[in-house]
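Here chain A shows up in two complexes: once beside chain B, once beside chain C.
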Partner chain A sequence: MTATITTGAAARSPHAADGSRVFLRQTWAMSKRSILAIARQPALVAPSLIFPLFFAALGASSFSKATNLPGFPKVDSFLSFALAGSIVQGVLFGSVTGGAALAIDIEDGFFDRLLASPTSRVGILLGRLAGAAAFGAFQALFFTLVLIPFGVRIASGPVGLAVIVASGGITGIAIGGFTAALALKTGSSEAVQGSFPLLFVAMFFSSAFFPRQTMQGVYRRIADLNPISYLVEGIRGLIVDGFDTVYVAQAIVVPIAIGVASIALALRMLSSRLAAR
Partner chain B sequence: MTTIVNSAGPSRPVSGGSFDHTSAPGGTVLRSSAGLAIRGLRSIRRLPSAFIPALMMPIVQAIAFSGTFFAITKIPGFPTDRSINWYLPLACCMGAGFSGIGIGFSTIRDLETGFFDRLRMAPTPTASLILGPLFGAWIRMMIVVTSVLAVGFAIGARLTGGVLGIVNLYIAGFGVATVASGWALGLAYRLKDMRAAALMQLTFFNAIFLTNAQAPLFVMSGWLHTIARVNPFTNILRLARTGFLGTVTWDDTWGGLVAIAGMGAAAMYFAWRGLRELGN
Partner chain C sequence: MIASASQKSPIVARGLVRHFGDVKAVDGVDLEVHAGEIFGFLGPNGAGKSTTVRMLTTLLKPTAGTATVAGFDVVKQADSVRRSIGVALQDAAIDPLMTGNELLELQSVLYGIPAGSVRQRADELLERVGLTAAADRRVGTYSGGMRRRLDLALSLIHQPTVLFLDEPTTGLDPMSRITLWEEVRRLNSEGTTVLLTTQYLEEADQLADRVAIIDHGVIVQQGTPTELKAAVGAPTLLITVSASQAEQATSTLSRFGELRPTAEGSLGVGLVGGARQVTDVVRALDEAGVSVHHLELNEPSLDDVFAEATGHRLEGAGASSSNDDDVSPAAEDGSEPTRGRRGRRRSR
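Moving on to the complex of A and B:
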């Protein structure tokens, strides 16, 4: 049996325009709920704000001499180099929290109550992802503003900063799609939290913490294939080098491409879950 | 003759035996502790999802750090040309620490389910409530460190300090597991719920990274250098690395032994006081 995902209200309304309006209203309501949930439970999201900064501070003290190594890009300080990695790291970890929140909704039955109501099924998912996007954009801005007093300069100026913040938001959706898919597949917050090591590995096998040019062998090959490398390098270029359309494309297009794949996967999982009911 | 309960059933004697209080007190403590340690090990089989991350994380860390930060071995004066030789002992110590913290998690579960109250009411020697989990942490540590070492050697680590280097690594592992167990148990006894779990991980993680974990002291600069110089975990890491960065020397060894003795005793005292407060 194949389940069809419909926007609940749209399916009931004979007028498509009314259906779209209702769909948008419902999606907005779900988005507001997930954003408020983040704001109301700071303890849940604090680690994804603190740890990336902690790692950046550690790296700045541990690897400051590494910036002179052959292959290392020209940077004012290691902290300027590390900021892009911190942003992506924070967004990745924050997305796990978002996915876990969806899994908790499934565990405590709230998800079933939503499904029983005339609410758009896609809106439930998009609402969650909107929360991830808002938090991702906030993280990008937060990390940048915290590190600026320590000597980090955004070479691409305010426009570049806007692109970085947008990239944080889109990356939040992209990774949030994967964690939402996992939540829908397993219905277990523990399983979603268990994806943390996978994201940790994905981060380390990229140029998030060190440039690809300094890596060798199989690590280099994996980092070359890892889309996170190109995302981080796009953001890093905007921070270190200045405004360039190639950097903008990397910072925006790469997470969009990941997001298309992850949302498709999440919708598939949602469809499977509905079919199983 | 009395029987202590374990999770397998309320009246099943631990290790197939029961506790005879007419035997020597030292023997009773050891037997009770061994029983509790075995119970802790059984939980690995019953709840593998709680142990596997503690095993996998240090393995992943060893691989990821040595690949990502490979270039730092090119810094003039770096003590090895193999990044895995630098990061493997760190991963072993992390694994050892999380073995101890895992024991803290189990204790929180026992406190929340009420099983720990039954243990305290049983005529079990109080010391065994700390020594049992500690023995369990040591055995977990042996499994984790041996696994991490095997992976490390498979991906290119070279032992330069001979058998003594391996002995030092395991001593460091025992030390870190002891410190982490004492700290985790102390927090578990005081907070009695999962709030302690977050605190255990966060503090241990910070303590181990505010050292020469990522780079040697001479490479560091600023605030981290100042902290790492006085952090006793730096000495333990130095001890753990002796077998991988040249030959084993007493100069690189004694500081770690002193740090393990001092911090181990302090952590065990912290746990002991916590257990006493729990009783009160």
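Moving on to the complex of A and C:
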């Protein structure tokens, strides 16, 4: 059984323009709350900023000679290669935190406060995802700026950097959609946090840590099917090779496609949760 | 339009039922709350109070029955209901990371209040609940009483005509409780209809114009506190004796009137003759060789009304498990345990 999800704004006003304005205002208010929560809990978000850098540093110290392997892209430093993986890894971490925050809203009753108001149900979800987008974009910029002093150069220049930052934001929505769906399905922050290993495995079987050209067997076949590989390679191409529309398409279109699927799933879970009441 | 539609009875429920699997949390509740009154919904934990409120506030769909709030059907016109009512739920779910001001602004947006009016309305409400000085502090630093007052302010942001307060004073110290009572009275005197659930007899007695007593999902008594207490009749004589003499004491007491349910460890009897009969009872107990440790004569209370209607007492029944009211909606699909969640402080 499913419930129809209407935007409260649309129901409230006979004028579509007014309804859209109210809907956007409510969604923005919810986004602002998500962003505030991130800014006010540095201890909670620090791991998603520190661990990817730690892995990048570890990789640079341990695998720097791997850049000489056949199939490895020509890079000035291993960090230039690792940055794309770090961005996706950080966004993945952050999205789990965002999903868990939605689950905590459900556990603690804040979600009920929202549902008791005439606000748009979709806006509640989109607000959360907009917060994830803002954090994803920030992470992409943060990792890049931190690694530049250590030899990373963005070959595609400022325009490429803007695409990378946008890609981080869209990826935040894409992965955030899955964690939000899990939060809405289970209403359990523990369950959302427990999904991290699954997401990490999905990333591990991609080209986030090594180029697909250096892989073999099942690992390679999975990486070939894994959309994260194409996302990472798009961002990596912009960092290592320069500006290319194929890289832009990979960095932007792949997370959009994942996002369409994950948001559809999250909306379905929201609908089921409302219908179960 | 809302006012005219709901002029007579802003809250009407007919045969309201809610099942969670095999559990009948609410089993045919009929109630009618008149415009401008404070209606007390009294019952122990798990009686069905919160489930009823959640149905009336559109957070749960009834399994059967109908209800209108502010003149709107809670199922078919849920969005109109939400715009007409203020709700302060049992768990005062307030984001601890946000400030009072930020929460009021968020709530204003959720209710579609024009941006130009938000600041003024928020300031008015903060002043009203005595939180102006704390408005820019994060809610995580508020005391329980401050949170409840902020919760009340949030529920009033859109000037609702009907207000639902689900156990608004549970867990509060006596002073905070009295402050909240005063505010509820003030709101009511300004014309707001209030439905208040409580497990505190004194709260229902002090605040409510009329009371419905609910137990096991069924309303067992309904009326004004005065009417209900008068219907019980005689005052209750409570005595405490040693366990070995309880049987003898019971037998003796039964000669003077109807035995009444009491808290464990004491015995009670309704004395039609009131204080004049106490001497006779004490003499009879003495002649029967019963040694009385404690004795008191109580005028009928809502607890007596509750005991008369249900066969057990409310007083002291749920103090230790005040978080466990009712079954959560999501228990139905087994997706989430939400019992006893109050008091958890977690990251968001």
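A few remarks follow.
The rule is short, and it goes like this: the second predicted complex is superposed on the first by the 275 of 277 C-alpha atoms of A that agree within 3 Å, B and C clash if a C-alpha of one lies under 4 Å from a C-alpha of the other, contacts with A are read in each partner's own complex, and residues count from 1 in each chain.
Convention: contacts are C-beta pairs under 8 Å (C-beta built on N, C-alpha and C of every residue); 3 or more make two chains touch, one makes a residue touch a chain.
Because the structure is predicted, anything quoted here is derived from the model rather than measured.
When both complexes are superposed on chain A, chain B and chain C end up sitting side by side without clashing.
In the superposition on chain A, A:219 makes contact with chain B only, not with chain C. Once both structures are fitted onto chain A, a short way to say it is that chain B and chain C open up an angle of 80° at chain A, using Cα centres and rounding to the nearest 10.
Shared-chain residue A:209: touches chain B; no touch with chain C. When the shared chain is aligned, no partner comes close enough to touch A:150: not chain B, not chain C. Shared-chain residue A:200: touches chain B; no touch with chain C.
Of the two partner chains placed by the overlay, only chain B lies in contact with A:190; chain C stays clear of it. Once the two structures are superposed, chain B and chain C can be ranked by residues of chain A touched, with C on top. Closest C-alpha contact of chain B with chain C, superposed model: 11 Å.
Against chain A, in their complex, chain C makes its touches with residues 57-61, 79, 82-83, 87, 89, 91, 93-95, 97-98, 102, 105-107, 109-112, 115, 138, 154, 329-330, 332-333, 335-336, 338, 341, 344, 346-348. By the touch criterion given at the top, residues 6, 8-9, 11-12, 22, 25-26, 29-30, 33, 36-37, 40-41, 44, 101, 104-110, 112-119, 185-189, 273, 276-277 of chain A touch chain C in their complex.
Interface residues of chain A facing chain B in the complex, by the touch rule stated above, are 47, 54, 57-66, 69-72, 190, 194, 197, 200-201, 204-205, 209-210, 214-219. Per the touch definition, chain B reaches chain A in the complex via residues 49, 53, 56-57, 60, 64-65, 67-72, 74-75, 202, 206, 209-210, 214-215, 219-225.
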